[in-house]
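After this come two complexes, each holding subunit A, first together with subunit B and then together with subunit C.
Moving on, here comes the complex of A and B:
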């Protein structure tokens, strides 16, 4: 009788354990370290969701929400480079290659494979992220490089010296159980 | 002759100075003191992005919306006041107002009038930034 009770209890607790994790205030920052000027922008309104049952990861970035130190840079970024009225969102959709161990308190290095879509151009992306489980939250952070050429962003020759060919992208998400 | 030379030097320096200060280093818009271009209900704004193609006129504009607060949360950098309208695959969906001040003391259920810059829609929420509360 006790065994049956235990079995039901375990099944029940497994079925109610969270599968979906979400944040709407994730951080994505990019920087370009060119000889003339450092260009940096941060977005603190990034939406990210994980569905553990399918090992899916989704990230949505509202391009207009990147903040620069200089107003002129922000203007150029939206109007000339990202054309954010036409392409308002950049996205990443991928999968965890290995499922994170939800019972571990250590930082886990986990590979994610997927596709990044910017300006309607899709490119594959494979990254290794740091995952940390804290109570009912999943913390993920990492970085990767984006080649400006890959997304046909036209940099006028007058400023091409100011912007490096690669952008370093950093991200930090604190996803809470839904 | 000297006068012409002095003016010839002064003018380019002034132009360069002007460009540096007012173009290259121009300050960010003071959204708290910008008059709203549109005043509407939060629900109308949300529906303009989700149901109709009416949203373009609000994009990048300072607007004032009215609605009932669903939740207030603090993030690392700001406070976010949400006015939600539906449940999506990943939780509530509606209008998220990123406040200029991180200190927002407001209870869910409060009716508010809030002004901010409309940055767009990320398929779950319409985002307003640099928000200030006008009435509650």
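Moving on, here comes the complex of A and C:
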């Protein structure tokens, strides 16, 4: 009796851990399409994890890992806009509203609700992402807009023509079962 | 039975804790991700004010640098407090790699051509690899093309050449405050008298304080050790200035008692005197071009 109970307990806890998916090489890209200058940066070292049993999703971005076409842009991004010495990470914590169907091979549109934190400012975010199940991997991609104003990023009037007020953010994660 | 009960309780209680902030827990998986965080932008540009800073242009970036001094402030209203006079240097710096820089320039002072290599030996970093300072090595050579007014004395090409060896050691203490010390060795092939040393040692110190994201105040001082230049009176070089950054440009405005614009010249040849108003207003304008 005791042994059976213990066995159930262990299997139960194992089944929880088996429902975690993780990646450390997710891609997040943003672009600002202003009339004077197109600014684009890509980060290929984004960390993300999903706990299917709780339908939780988290994303952690090292701000300094964004790569720009011009080194000077990268320096200004870190020094003047994101102040990444002070705020090294941006994060997202959220939940799947509907659980993805693990037996489907189709692209599923799933709503995620959560909070994005940049420069220690937290904003709610609701997006619909594309989810595809491939073996023991979950592929997620999607896009959303970020208003620069929301995160108190100061843009001097001298360069306001070079940076648009909205950033388009694209992401692509390939999470593997843990 | 007792053990099973306590085990169940333990499992349940840990489950309860887990449920409370399960998202933080999930995020906790990434807490131990150690990356090396290299310090960037110790200074706004490759010059502290007059002298070199530990910044290198990025790989395949070309920096166009115009340095300009007006005349001495104490020349009075007739010379518009120096604005009628000018000393100028035009130079280029190129990032062969992100850590190795080659530079060339031409100064109106003594009609001098200069060139230098700057190599970033160490990078300040935190995280998985810790390094308290950034260290650059600089070696420079210049060639004076001013006409020889005394051809009868004989004059060798080597007399026109001078060398610089410098170590730049800098640390970004906070996001606003950075400091740099720079020991220098300057070798002049030709000196005015036999008592003057050919090899001259100096120790420089400088720093910047950012007053806003785009403006900083800078200071730079070079102490020339005594009894090296004896045939004429020499002063230590002191420069006070500010950096203003506007996108691809950095403007550096400063007051200095050095009329020369090249470290190889001003460290050992500064004659201006702050106390008698014999100092100069000047500026650098840098423009970065990405050639990739």
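By definition in this document, the second predicted complex is superposed on the first by the 161 of 178 C-alpha atoms of A that agree within 3 Å, B and C clash if a C-alpha of one lies under 4 Å from a C-alpha of the other, contacts with A are read in each partner's own complex, and residues count from 1 in each chain.
Criterion: a contact is a pair of C-beta atoms (placed from the backbone, for glycine too) under 8 Å apart; a residue touches a chain by one contact, two chains touch by 3 or more.
Please read these numbers as outputs of a predicted model, since none were measured by experiment.
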Three-chain arrangement built on subunit A, subunit B and subunit C clash or fit: clash
Which of subunit B and subunit C A:85 touches, first, second, both or neither: both
Which of subunit B and subunit C A:154 touches, first, second, both or neither: second
First (subunit B), second (subunit C), both or neither touched by A:56: second
First, second, both or neither for A:64, with subunit B first and subunit C second: both
Contact breadth on subunit A, by residue count: subunit C or subunit B: C
Which of subunit B and subunit C A:119 touches, first, second, both or neither: neither
Subunit B versus subunit C as contact partner of A:72, first or second or both or neither: both
A:25 touches, of subunit B and subunit C: first, second, both or neither? first
First (subunit B), second (subunit C), both or neither touched by A:44: first
Residue range of subunit C overlapping subunit B upon superposition on chain A, of 41-49, 59-67 or 149-157: 59-67
Residues of subunit A at both interfaces, subunit B in one complex, subunit C in the other: 20, 22, 24, 47, 49, 60, 62, 64-65, 70-72, 85, 88
Residues of subunit C that touch subunit A when the two form their complex: 1, 3-4, 7-8, 11, 19, 22-24, 26-27, 29-30, 33, 35, 37, 40-41, 57-59, 61, 98, 175, 213-214, 245-248, 288, 290, 292
Residues on subunit A engaged by subunit B in the complex (per definition of touch): 20, 22, 24-25, 27, 44-45, 47, 49, 60-62, 64-65, 70-72, 74, 84-85, 88-89, 178
Interfacial residue positions of subunit B with respect to subunit A in the complex: 23-29, 59-60, 73, 75-78, 80, 89-91, 96, 98, 119-125, 127, 129
Subunit C partner contacts - residues on subunit A that touch it in the complex: 2, 5-6, 9, 13, 20, 22, 24, 47, 49-51, 54, 56, 58, 60, 62, 64-65, 69-72, 75-76, 78-80, 83, 85-86, 88, 91, 93-94, 154, 156, 158-159, 162
